[in-house]
Amino acid sequence: MPLSSAPSRAGLQAQAGALHEHFQRVRQHSMALAAPLSAEDQCVQSMPDASPTKWHLAHTTWFFETVLLQPHLPGYRVFDARWHFLFNSYYEALGPRHPRPQRGLLTRPGIEEVHAYRAHVDAAVQQLLAQLDDEARWRVVEPIVTLGLNHEQQHQELLLTDILHAFWCNPLLPAYEAPAGPSLRLAAAPPAESPWVDLHGGVVEVGHSGAGFAFDNETPRHAALLAPCRIARRLVTCGEYAQFIEDGGYRTASLWLSDGWAAVQAQGWQAPAYWLAPDDPRLTRDRPAADGWQVFGLQGVRPMDPTAPVMQLSFYEAAAYAEWAGARLPTEFEWEAASAQMQQATGHVWQWTRSSYDPYPGFRPLPGVAAEYNGKFMVGQLVLRGGSLATPEGHSRPSYRNFFPPAARWQFSGLRLAKEIQ
Amino acid sequence: MPLSSAPSRAGLQAQAGALHEHFQRVRQHSMALAAPLSAEDQCVQSMPDASPTKWHLAHTTWFFETVLLQPHLPGYRVFDARWHFLFNSYYEALGPRHPRPQRGLLTRPGIEEVHAYRAHVDAAVQQLLAQLDDEARWRVVEPIVTLGLNHEQQHQELLLTDILHAFWCNPLLPAYEAPAGPSLRLAAAPPAESPWVDLHGGVVEVGHSGAGFAFDNETPRHAALLAPCRIARRLVTCGEYAQFIEDGGYRTASLWLSDGWAAVQAQGWQAPAYWLAPDDPRLTRDRPAADGWQVFGLQGVRPMDPTAPVMQLSFYEAAAYAEWAGARLPTEFEWEAASAQMQQATGHVWQWTRSSYDPYPGFRPLPGVAAEYNGKFMVGQLVLRGGSLATPEGHSRPSYRNFFPPAARWQFSGLRLAKEIQ
Amino acid sequence: MPLSSAPSRAGLQAQAGALHEHFQRVRQHSMALAAPLSAEDQCVQSMPDASPTKWHLAHTTWFFETVLLQPHLPGYRVFDARWHFLFNSYYEALGPRHPRPQRGLLTRPGIEEVHAYRAHVDAAVQQLLAQLDDEARWRVVEPIVTLGLNHEQQHQELLLTDILHAFWCNPLLPAYEAPAGPSLRLAAAPPAESPWVDLHGGVVEVGHSGAGFAFDNETPRHAALLAPCRIARRLVTCGEYAQFIEDGGYRTASLWLSDGWAAVQAQGWQAPAYWLAPDDPRLTRDRPAADGWQVFGLQGVRPMDPTAPVMQLSFYEAAAYAEWAGARLPTEFEWEAASAQMQQATGHVWQWTRSSYDPYPGFRPLPGVAAEYNGKFMVGQLVLRGGSLATPEGHSRPSYRNFFPPAARWQFSGLRLAKEIQ
Amino acid sequence: MPLSSAPSRAGLQAQAGALHEHFQRVRQHSMALAAPLSAEDQCVQSMPDASPTKWHLAHTTWFFETVLLQPHLPGYRVFDARWHFLFNSYYEALGPRHPRPQRGLLTRPGIEEVHAYRAHVDAAVQQLLAQLDDEARWRVVEPIVTLGLNHEQQHQELLLTDILHAFWCNPLLPAYEAPAGPSLRLAAAPPAESPWVDLHGGVVEVGHSGAGFAFDNETPRHAALLAPCRIARRLVTCGEYAQFIEDGGYRTASLWLSDGWAAVQAQGWQAPAYWLAPDDPRLTRDRPAADGWQVFGLQGVRPMDPTAPVMQLSFYEAAAYAEWAGARLPTEFEWEAASAQMQQATGHVWQWTRSSYDPYPGFRPLPGVAAEYNGKFMVGQLVLRGGSLATPEGHSRPSYRNFFPPAARWQFSGLRLAKEIQ
């Protein structure tokens, strides 16, 4: 929401009002996502990579308190000084913090206290925005609020992936049962078109173009040189992936990267993360064996839908599938260049690319505390593009770079294929 | 509660009524202990050795359902067949079970469902006892109910040690704030007497004598041969233990057993488990440094009381302290032989002995499922005698054998000294 | 070799000469045991619990240098001051030392240097003993030399158990091929007698009686009270143990201690440590499948001999076998009391007892550095009695207490049964 | 050594003779590198990433036996069929293999047996090459021999990095003492020039151009688009790196990638891998404290030379140093484009780039067994360019892509800086 020209005071207030409305919508969405969960659900941490719902609610609030309110709202009273230690995620510049693997031990503060924290901070943000009558302050404050909201939207997706993992660890396999409102089901598939998008190669521009918000890791926009190739117009489906399994994909070393094969052996992978074989004891403890693969998701256990995009895949599995299919994964720049012509680009699953998460030429991190937001993770991870069923409306864009380590399976992550033009 | 002679039907009903009253008292005590805790508090598991409060409440109920109601109450309807997998602790004979380290992931069933489970089982037990009109059935049922209640009392103590550990892991160091009713504070110290109890040695009888309930591991009662020795009449205090620390006890290898010294090095032990040095960041984050040792307990953080019995000690620390003091730990038989003349024998802390937890001569486990109760743990652990502030009234007795691995520190465990008579 | 009365100078020299002869025999036996091994064999460490042959040769030499020569041979020149750090095993009082799991990384000093070290120390000991002409010094020196020789004999057995484990880790399964000289095969079984030794119970004296050398852990000799029981006259054989396997012993939880069952599951135990199923790939890689169990030992792979004592058992397996056989393990005092009437008491396998390795009443460790020899290990281990095919002639005695953790399988450890007299 | 046109039989024999001469030189160089090492040195494995010298000698021989002789020399007799299991490194297509972390347990086969293996295979290769009289066979055989020799040269460098790591683990810090012949010391630094090479950006060709041998990962040659930047003409020196340390580089989180900072904390890094602080106990155990940093290398411990290129750095440290220096690491294509104008491009240290080890556009692995050579490692690693003091003469080239995980420190790895042109 940058200002195009020097605004009047009334114009500023209108802008601030609009920003506050957006702020409220995003903040309420977090609460709506947590609403179906009990206090116990919101406290649990099922693995070090995941965080409790309650922690997400508090951490996103802490972010506003620390980066926006403390420096920019004179007289702001910190809600509880001891919580700074609890809800800092990974900002070294902000001092020591509670160890990540122990977030699930924080039964206190309780969920009501966290709600009070959110209300306290929301009120202070409202006050700050209501008082904004100066363009210079707007130019400082608006980017922080916008960053905070995009940050909260990222945690909204994580809130869902993390509780889904926690429920997966419960032998009762409870359903999250998405709230009324924003759907958390796969977007309807558009009408079929030709299966491949052809890219003719040459120099293309990639990265964020300047209009609207983007994270620092999408910049600077720059030229990239592509070879001709084709990108699949649609995502790989569960039905296609089931054929890979059927064909012995998980038993054929030659399809796998070395680290991927080691993961298959060490973890005993035989299917995507939340697939249940018909004879799985979690299914048969209280009912007869099913007919085929069952898939656990936000709506609980359902029969595998062969037309739905496959998800809960690691990069290793995505790459092995592509090898098996006589194809490969697209690079992140191929993906970006073809994105306008794709189907299912977003709203279904994040799509693993064959690109390591490296800095763009000339990349510089954001100034201040936000410098730790993206840049320091630029090693050992892979780029995913697109957006998933759990990505908040309007949060993603074609230049968006999501990233995870290659073994990560608890995200809504799938793939589309690419191949050389012969 | 064995029957002395063949009772009348009215006598049986009176016995059964008394047993049911006892049953209700014990069951309600569990609920009272859980009452100060939030749903989140009751769900957390801070380490594999500890269990969530909610799990304790459900597991003790499962024990009655599985061992008493299913075999002995015709027509009993199991509350939820899937819960058998969740709340079996370690009974191999009863099939596979939820992995112990993942008990904290069970956000479902929720606390209200567990309360409903308890009510369901309590009603069934009431029904079973109300229908008892046959001496033969009484002789079968009564021992199972009594075992179940003693079992539940053990979990009442664990409920407290486990939540205390969970709170210790929370940087906010919340207080449990014991409920009104049974005090969870150290019993008042009796008037001082001469510091040692002298044992003249010779053959003594040890183990359970036959009257009243006892666990299988206290039997058979048998003769043991003791050398002359003296046992401290009182427990070692925090003040005495602080001198050991001050004197470099945690830095002096020669005082320690080899495994103990390794634990000191690997874990960085410098004091009992819940002692906080005055400059501990958990203390100084929101207030100035204290004057001396602070001790965390059920009432939260308090200044160390030099006259209180020291607790939260491992066997290794107890043995090292004894070495430093020119003494040793008593054997379990010395402890038992001297117990009548001791002060603070129970109601304060469990007391580590210098006895490995081995079977008594001629030991046979209980028949049936209960065979797994005690006997299979008879290796690698040490015997503790006495009883703690958290041991339910009337649960312990002089022949009682508690046992834990030598590195365990999260129990209310301390020591009393012994030495040879020169 | 204590002196009975004040000896003449000539008597002293004769005593010292005899001691030196004994010293030479023991020292040469170590070299003979190492002789079949290459320099590489002597350097390897196959697990943290085992040590390289070369390290055994050097450490036993270091013991004489540090405990005997440095304090008691005026003018003694240390061979290489830096080796003190390398070859101290676990003596905290002697300062920091090379980490145990990294002993196998010591390719330097090489085997010739270690031989030179041994020669240097042997010459110094010879010199010290040749100069002994004073009874007071004899009373100081003789116990140290004797302790050092008993210490070296313990390492002679470990040298064999450790190299056998290393060879077991080699897919080629090489044979040690015992040197000419002392046999490392099982002693011939004596003629059959009645299968049980009956003990009538009552007070018996146990522990070392005072004549000849003993370790501190065998003292003080004291009275113990035994219940009547019977002890098997012979050891459990491989054939008997094979029936336990055949009968599903390794799949029957109810036979096992809880920690033992956990070890079976975690380690995948299905037979004693060095038993090979006929279809083991190490066997079939270069020859057809065998007919039955094959057993790896110092002579390489051989068909299982059903009459030979079973060995390479953990305590857990020994206890589970006894349970399966409707018996139990003897306590160490039962073993000691019955030892005179046993067959195969020594020379075959160490025999696990049902006794934790606790101190005897009134136990005090040896003075000085040797205080760390035995006492500090008195927790978490089990007592083994007897002696094995690898125990040097004359090293063991009925009061000898060997000890290992309950999961240890790389020793020559087996069992004999005991049971109550009904 | 491809043939330009159809050769005569004599021409073929000359080519084969030249190839055999090259074969002998490379094979003898391996033996020369092993010559200063004892049998024990050649057997040790100091960490799972490293391999024993003896294993390197055998594995490179196994490669010729398996990929060249068995398929292409009729009548070839395998030296020992059981060794196939021992000396296969990671070729899944060739069946199961000895676990990598247990290579150091292979005391058998002994070093003489491995020498015999090498002689056996060398003779067979000689025979195969002597019989080559057919162009078609030459076109099959020559690439395999050449691949095998390049493979052996890679292991020659690893042999040195691995034994250096093993010696580093020995408290005596022995010196390797390079053999006469090829120097293993840093190449002399060329005269100083201007400190930066300027790259004007635009499209450049990268990858192997087609003449001579290259690994598959260097292909296909392709166009890449570079932004303008400058690359340091010289390597970063020990003196410069010492300033980074002095300035608190290892204590400043903001300089580090997140995984790098975690490694610093977890591993306690305070300097490059083989640097010793003056008060290191390994130095002061037998001599007085030194004046400044000491550096351990092939020649043993030496005072740090401030003009020598720094090495034994992880990628994390290289990137943190660059950040501290207000620069960055070059990408692999920037490095390649500037290489002709660099000093110290090779012969000193491998240079970490800011490029993840991803496949080139259109990359296809080698056919057959060699498909597993490079491609399956293309995730989670970083590219290093150049060549080190230990890289065999003629082995590297500007398009050469070495790769290691970002935490690897036991290679001869350093860095040169790059920066944007403002």
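Letters A, B, C and D name the chains as they come in the text, with residue numbers starting at 1 for each one.
Throughout what follows, contacts are C-beta pairs under 8 Å (C-beta built on N, C-alpha and C of every residue); 3 or more make two chains touch, one makes a residue touch a chain.
Chain-to-protein mapping (UniProt): A, B, C, D = Ergothioneine biosynthesis protein EgtB.
From a predicted model like this one, the values you see are computed outputs, not experimental measurements.
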| item | value |
| --- | --- |
| Where subunit A and subunit B overlap in contact partners, by chain label | none |
| Path length in steps (a step moves to a chain that is touched) from subunit B to subunit D | 2 |
| Most distant chain from subunit A, judged by the mean position of its C-alpha atoms | C |
| Distance from the mean Cα position of subunit C to that of subunit B, given in whole angstrom | 38 |
| Inter-chain centre distance, subunit A versus subunit C - centres from mean C-alpha coordinates, in Å | 59 |
| Inter-chain centre distance, subunit C versus subunit D - centres from mean C-alpha coordinates, in Å | 46 |
| Residue ranges of subunit A touching subunit D (in the complex, touch as defined) | 90, 92-93, 203, 222-225, 227, 253-254, 256-261, 315-316, 319, 331, 354-359, 361-362, 371-372, 376-380, 382, 406, 420 |
| Subunit D residues within the subunit C interface of the complex | 38-44, 46, 54, 81-82, 85-86, 96, 98, 102, 104-111, 166, 169-172, 174, 281, 285-286 |
